[in-house]
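So the structure is just underneath, and the comments pick up after that.
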């Protein structure tokens, strides 16, 4: 179990992480997700012991570790650059940590055999890293961290150097090994699809702060603010005036799209807030239905499984841009006006508009 | 934690200062001190410090020994070596820096040979060769010998300079219809100036401080500063005189090397050894 | 443009002078230049002379210790310089200073410090470490020559090793710490193997330079044993035995070549570790489990 309490880190004047706290339970897969430069690597390196935090605490299995050097922490890191030892063969790379622990030779062999079989590197076991492909190198890094059976395993964008196909297969491999060995995992990425697919919990970071923390579903469907809504998937965001309706959990909002009904268990934080909805939750209007709105089609892109439609609301001063994803082919043309519907439970209240 | 790091840093820096004190400051301080011992008040055993300090020793060495002649020889050899070396090195450096050809690596390795070959062997058998040929003009033979010793450095430094000229600048010059000479003046020369200058100075330094060749080919008739220092250190050991000549040798050297450092921003060493 | 015209002045001069010196040395070592014609007598004469073997021993001893000393000293400094330190450029400049000092001057500086009433002896006396001055100049073993070689060559070793150490990615060093390597394990199992090529270059160049050394040995070296270069020089210029001198010169070159090969062979095994840890059959067995 890993606990992070109020972690702060400055680089000279630059505040890289600001008062970050979170927890990863035994065997939990926690993802740190955020844009480039938001402090993900910095946070990970503090957990691994490569950076010293300015203040705050790090606890692993109820033991405070932030004063310990990396070699004395039970963490193992998979580096963004793999950081394999270029002079050691695959087998020696994997055994490096075990040898440092002075594990008996026959145990080392057993661990090595298991790791090689798991990551499918048996035919390459005596090659040097320079003789391996990118994906194979990634697997060596994975195996090298995994054989340590660390209390916490850390991944820094492990898939960012792989091509799209390989990314998926290694992603499954990481996930299945993690599950099998019940490894407590902190995983860093800026790829939201990766985060959604793998995590038990996602922590969205921005400029050194936590924006939101929760399960993939809650992050995706119940973003707390515009940053999260926009960063995870695509989102249409509007300013809206909210009026409470009599029916429980029902509100009327007036926004660029006109007057809409919203059903939400969580009340809005004020009566002038941002609202958002996902492009794929809208569908084509057939007949007179609640929450219908009209837009003028500006751009159409056929992406295979979906059609991406960019339109503009019909309001006076130019209108707002709206994005809709439809899973069926749409017979329309650029310039035409079309009607769509948003289900009332697909609209989310975000933070207050401050003006 | 932070304080701890700072402490380690302070300890390591003071250790460095101490080691450097023993390593550099003490030896040089002793040399300077010895060179300032007044000739009429010798510094001998029980005295911790010389009784009288003066520049008289410098004047005396200058007036009574053949140091002026050695200085004249050294400083007339060095520019000749520098000019000859850079002239000879330039075309080869151009070939190494800008052309691709078969056997280039071998050719580059061969140019490094004078750096690894013990100079005493070269000196003795070059002199034997000259003896066989009945040729005995020390000035000329030392210039040739020093030039060969300096060539590897000049070639490496200048070929790095040639390599650094961006091809698009050359192309741009040619594109605008510049003649070869104009192209050279505007595309090559500005980029090459520092490396040519550095090579010149490097050759000066090598020639001024070179001992083996000058000694074998020149002594005893033709003396240079290192050979005179050798004689002061050897059969006619006079410590204060040796101190003066040492400083005569080392001071211009250090100044020249500092100039090179400025010119090439410290990477000449890796350029000249080619290994780094 | 004609390639050979470009190469001729630089490469040509080097080949010409080196070649003619090598030619002379070869010819003379077998006496081909005399009327008597070729003979191997000079070889057998010289090689049966115990003085030569004392010189070989002395030169090898001082060169081995000098080159090892320089790299051993350079490693920790290069590791230290990897860290951010205030005033790094000044420190590097100071460290390089001995390279700019001509060898003869270096020899003088050392002799000055370690002479009978030099500052070293006086300080040790004052500190009460010794009660009469030590005679350490021109010692028989060659320690003063070793010290000079180390003093003069450490900066060179430092430059080669530093650039090699600095080119190791910090991620790789972080990874080794992360996997539990102590500072020593990190150095011996990661840094050292990765700097083997630079180490080879440094050792070979310093060793060959030291093996052919004339100035240090003739000023600070033993009065009883000559270094190979000194011996060659005396043989040629004091006794005019050019043929024997040529043999000694060739001995120096052969020793240089051999030691370069030896250094390479001895350090190469440390560079990579690819020896199989487990066999294919072991893997099969564990697969069945």
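Here the chain labels run A, B and C in written order, and each chain numbers its own residues starting at 1.
We take it that contacts are C-beta pairs under 8 Å (C-beta built on N, C-alpha and C of every residue); 3 or more make two chains touch, one makes a residue touch a chain.
Here the structure is a predicted model, which is why all the values come from computation and not from measurement.
Peer 1: Sort the chain pairs by how many C-beta pairs are in contact and tell me the top one.
Peer 2: Result: the chain pair B-C has the most contacts.
Peer 1: Measuring from CA centroids, which chain ends up nearest the centre of the complete protein set?
Peer 2: So the chain sitting closest to the middle is C.
Peer 1: Quick check: how many Å separate the C-alpha centres of chain B and chain C?
Peer 2: Computed value for the inter-centroid distance: 20 Å.
Peer 1: Report the inter-centroid distance (CA atoms only) between chain A and chain B in whole Å.
Peer 2: One centre to the other, that is 60 Å.
Peer 1: Quick check: how many Å separate the C-alpha centres of chain A and chain C?
Peer 2: 56
Peer 1: Where does chain B touch two or more other chains at once, residue-wise?
Peer 2: There are none in chain B.
Peer 1: Which residues, counting only chain A, touch chain C once they are in their complex?
Peer 2: 45, 48-50, 69-72, 75-77, 79-81, 83-89, 91-92, 95-97, 100-101, 108-110, 112-114, 116-117, 122, 125-128, 144, 148
Peer 1: Considering the complex alone, what residue numbers of chain C touch chain B?
Peer 2: Per the stated touch rule, the residues are 3, 5-11, 13-15, 17-18, 20-22, 24-25, 28, 33, 80, 85-86, 91-94, 96-105, 107-113, 117-119, 122, 151, 156, 159-160, 163-164, 198, 201, 205, 208-209, 211-215, 218-219, 229, 232-233, 236-237, 242, 245-246, 249, 252-253, 256.
Peer 1: List the residues on chain B that touch chain C in their complex, please.
Peer 2: Residue list for chain B touching chain C: 9, 12-13, 16, 20, 23-24, 26-28, 30-31, 34, 45, 48, 87-95, 99, 101, 107, 110-111, 113-122, 124-126, 128-129, 132, 144-145, 147-148, 151-152, 154-155, 205, 209, 211-212, 216, 226, 229-230, 233-234, 239, 242-243, 246, 249-250, 253-254, 257, 261, 266, 269-270, 273, 275-276.
Peer 1: In the complex of these two chains, what residues of chain C are touching chain A?
Peer 2: Going by the criterion above, the answer is residues 169, 171-172, 174-182, 185, 189-190, 193-194, 271-278, 280, 282-283, 286-287.
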